[in-house]
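Right after this note come the structures.
Heads up, the next two complexes both have subunit A, just with different partners, subunit B and then subunit C.
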Partner chain A sequence: MGDEAVVRVENVSVRYNKQLVVDQVSLEVARGSVYALLGRNGAGKSSLMRCLLGLQKPTSGRVLVFGEDVWTHRARLLARAAYVPETSDAPGTLRVRDVVAFHQSMYPTWDQASVKARLGRVGVSEAAMVSALSKGQRALFTLALALGSKPELLVLDDPTLGLDVVARNDFFSDFIGELADRGTTVILTTHDLAGVEGIADRVGILQGSRLALDEDVEQMKIDRGQSLEQIFTELTRGAGGLS
Partner chain B sequence: MSRILAVALLDVRRLAFGLVSGALVAGLIPALSSGLGSKIEIGAVVAVAFFVVGLAAGGTFGSDFSDGKSSFFFARPLGAGVLIAGRFAALLTLAAAAFFSFMASSWISSSDRSDWTLSVLTRFHAEALLIAWALSLFVSLAAAVRGRGVRVEGGFRAMAMIPVRLGLSMGAFLLVFGLFADLVVRAYFNDSIPIRIFGLSWVAASLVASCVAIAGGRTERGRISRYQGRVMAAHFALVSVVVVGAWIYVLHPGVDAIQRVQYPTWGSPDGRSAYVAAVVDRGDGRTFRPVYILDIASGEARRLDADAFQGPWMSADGATVTWSAATPFFFRPLLRSLGGVTSYRVKTASGEVSPLAMPSHLPDYRNVRDLANIGVVDWILPSPDGDVFAIQWDRQLAFMSRSRGELSEIDEGKDRAGIARGINLAEAAFLPSGDLRAARVLRDPAGAQTLTFIDIQPTSGSVKIVASIPVEGPVRVQLDSKAARALLTSVTQPGIGAFVALVALSGEPDGPRPRTLLKDALFPSAVFLADGRIAGASGGSAGASNRRALQIFSPSGEPLVDVPLGAGMPPRPGREMFPGIIAVSTGSFNEELSLIDVESGAVVRRIPNVFTPPWGFRGTTPPGTPAARLLQSGDGKLYELPSVTAEPRLLLPRS
Partner chain C sequence: MTPPKADPWMNRIQVLPADPRPIWSQIEEGLRRLLASGSLAPGDTVPSVRELATELRVNPATVSKAYQRLVGAGLMEVRRGDGTYVSAAPPAVRKSEQTRVIRQAAMNFASVAITHGAELDTAREALDLAWDELSNSEGGNR
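Let's look at the complex of A and B:
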């Protein structure tokens, strides 16, 4: 898998003042696979996600994306990747079409037609102010933006937060599955274990700031004879989160 | 480039409506104010508009980093440099939009467009825009990354360290800013460049700190905050080094730094030294003129570390010298509150230097308000024995004794209507009895003025009138070395000239009768010679102008010798350089110094392009001593004339 790895995390630690939130984590994500990073609140998932995109510098260790250090070559590497944060980061004082235009300028591979179509499907008006969108609309709008650049790597930080049950199921069954079929490498964090169980090729579970488990999903279920939810619960029981 | 424009366009879309609307409204202000009868400069309103644009653009940029929202930019293929360049391009675009909106509104609303022009922009406007942007970005970025969720490791130790760290930080800031303020007040009061450099350096540092923090911290609040803090700390360290270095270098110039010798320069009463105020190769050339004490025989000079115009003042015999030591102004209230002594110093005949106790009413840096009273003392006159000091400030005259403390105080400010001109210590002298003889002009209710000579008893402050002489207009008083006679010189009035009179203050039964030496004279002046005779000079009389003359009078005022000096500017008698030889500035424009024998009236030598240093106060210098033979040239050189026939010897500057 090593040569095929789109993302390689090498001994990454993240510390805020004296608080260690990610401790010596190493993992690899193969091209075209879906990797689900799980953990309770405060386990360090978002910090690790930000490190994966070069948004944050690890206290120690490094992250290679497409074989290069992402902190050093972030701007160039992110032309091939997209990110969906936990909450929309688009400035609320802009209109939807302004944000779309901004992204169009950023990515040579931008597919304006598909973005417009996707926004139309989810009922987001291009004339609307970003701040006027509902929580669910904002999440879908952010997803549409991420997919507009036709990324080779898609990083999603709890993307179903704010989506209703129907939208969440659609998201996992259709959306991510479609991306995986197209060969897009996907890394996501989520609390929706049932949703992710069917689509993830590999799963990592952060517990107590360390990577307690990093296994192939199917193999793991066979070996342990338990569902993902059971395994997660067993591993993280008693591990306090920061909520 | 397209990415820079994309970033810029975001800001323009967010801010343009508000800023352009504001500019359109602001454009009405000049016309509205004109209608109300007052004139507001368009340039000033544009500067304010640019400042607002800078604040808005910088604030928006910084606040984009709150709650990790900067991932909107950093999770895209966008370099930090492109992001900053884009925001800067947005700033310029918004400023241009605001400017043209403002000018259009101003043009439309103006009824008189005769002097209306688009060319109102200056460097000042660019500074207003950039300063506002840089400071607003810095503050808003700091606020964004220090928002909710930032927790500091606590504990008792951390809590205990807060006042320590705060105290150290405040102390360091006070030290550096205090030294810088001291440097400006002393050496650059007439030059705004150091203040501009100092201020703009902080603006530039804040901009660099913000850019470094954005590039290095990206979305991580803690890292952004650290980078901002580190850059500003580094700048503070750099500023500290520069300020301390500049303070030491600028305010402590050696003799080699002297470029020109300036007024005032005067000889010491013992005739061996000269006190030389000099323009040096640092400072603004006007504010900072340090005083050097020059040993004339050896040519050695050392700087007297004194406040400007606060000394040195010396006793009539020159043995006692006082001045205010040039300690940093802005720390004086603090040092005084910590038990420190006054800045005034006294050097006695033994050469010992010690603090001089000052009157309790003197605003002498006892609190911060006293900082407004820089250079408050007008004059200090030490008694010949070096024990009593007459100290004058703001119509107050106090007597301090080194052995007995504060003796008395006279408040002339209480009777402003009755005192037309108060006591001037530059025209006063201590008598052998210990009393201070001085003069002041009193005005009666009818408006008549009387020049009154008084003797003040320092211990009690009691005043005894020695002589009263009716006078009209301002009169300058010059006492002889024993304070037994006085020369009165009035101010030249058009058509009637002025007079010089001699008054004996020896207590005649009928009161003193002034003897007029020169009458209806044009710009007269007179000096006492060492043997008691008097030299008087004028530029002619009101009826016969331009006939210059020097006259020598006996000690009692009898005319002895009359020396015509031809046509030209009114002559100015200088020092008695050698016994019986007086120097007088002559030539058509006083560009020549004539040495005149007071016995025969013969001109024994003419020296071009020099003059003698000012005289008439700060004691007298015995003729024939090196200090009596000082010459100055118009280009700021100081010479000594070794003998009547010798060539002048250059003393300062050294190169």
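Let's look at the complex of A and C:
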């Protein structure tokens, strides 16, 4: 109680057979803040995200969500969270309204009016087949579904991957609206450094299975006099290029 | 009075991710610039935190921080339930405070100029140019 960290990753390591993919990572996501987890492919982002969602048990260490171990209390804790996967898993053979109705039946906190309003605002027709949505619309639809349960914690896995500039801008606008309305706590992974720089409060960079950086974005710029992109490039370039 | 609708805020306030300055400070400076040039006049409304955040694609908390600083400096005021406005009267600043702020800003400017190997003359010229640009672009929108 009174704990300001919504997510607390404590010394998490993940090992597959002999390969260590996440090495002693600790980080915290404060209530109402936006944490961006960056790293090149293979840096351990996905494994860490799976641990965070209680889908995978860390080899050692633990992840606390709302102060409790997410592996042992997954169902209860994740009812207060929502997940936006990289690619939507909504079945293409259903209509938008059917998928919405299915989600509505699962969440007691479901806010149907706001979901309808959101879909209308972003131009996703409830009568459309999911398979007929464009990539950008599909991303907005997935976000609308995730926000429908009024989550306290929103977890996004590279939500703008593969979207063009217009679709990416639409996605971020919608997402920013949510931050403005409810100040939801957010953790996201992304490749979109420019997109995330204005949005993230704090950024972590995974490099070679370790958390090579974990800092407040604005403070980091002041201290280092560099943009996030410069810092990211320096940290993740080549082997052992840390100075 | 109010700027033409055709001129979106993202053209009037530049937020560059590549800029090493924090984004709230880029927004604050952008607004100060619009105020200094008269392009934002007393009584004009400024967009809501949400509107500006959406348009500039930044975290609303960042815009809010820039607004708080400008409200704190007396340059903008919040009217409850009615939005944020450019203050009617420029805040009365004590002379000593004015001197302190300007000296500090000059120190920043000088250190940038020196680290880029500029001569004093070149730096003065740049200041003159910036001064002219702000005083001449009265209400000017490109």
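Criterion: the second predicted complex is superposed on the first by the 221 of 243 C-alpha atoms of A that agree within 3 Å, B and C clash if a C-alpha of one lies under 4 Å from a C-alpha of the other, contacts with A are read in each partner's own complex, and residues count from 1 in each chain.
Just so it is clear, a residue touches a chain if its C-beta (ideal position, glycine included) is under 8 Å from a C-beta of that chain, and two chains touch if they have at least 3 such contacts.
Model, not experiment: these values are computed from the prediction.
> Applying the document's definition of touch, where does A:Val124 land relative to subunit B and subunit C: first, second, both, or neither?
neither
> Thinking of the overlay built on chain A, is A:Ile199 touched by subunit B (first), by subunit C (second), by both, or by neither?
In the superposition, A:Ile199 contacts subunit C only.
> For A:Phe172, is the partner it touches subunit B (first), subunit C (second), both, or none of the two (neither)?
second
> Between subunit B (first) and subunit C (second), which, if any, makes contact with A:Ala5: first, second, both or neither?
After superposition on chain A, A:Ala5 lies in contact with neither partner.
> Taking the superposition as given, does A:Val21 touch the first partner, subunit B, the second, subunit C, both, or neither?
In the superposition, A:Val21 touches no partner, neither subunit B nor subunit C.
> In the complex of these two chains, what residues of subunit C are touching subunit A?
Contact set of subunit C toward subunit A: 15, 17-24, 49-50, 53-54, 56-62.
> Which residues of subunit A touch subunit C in the complex?
Those in contact with subunit C are residues 34, 169, 172-173, 176-177, 179-181, 183, 193-195, 197-201, 217-218, 221-222, 224-230.
> Quick one: which bits of subunit B touch subunit A in the complex? Just the residue numbers, please.
So the residues of subunit B in touch with subunit A come to 2-3, 5-7, 9-10, 13-14, 64, 68-72, 74-79, 82, 151-153, 218-220, 222-223.
> Using the touch definition from the top, list the residues of subunit A that touch subunit B in their complex.
Within the complex, subunit A touches subunit B at residues 16-18, 50, 53-57, 74-79, 82-83, 85, 89-91, 93-95, 98, 101-103, 105-107.
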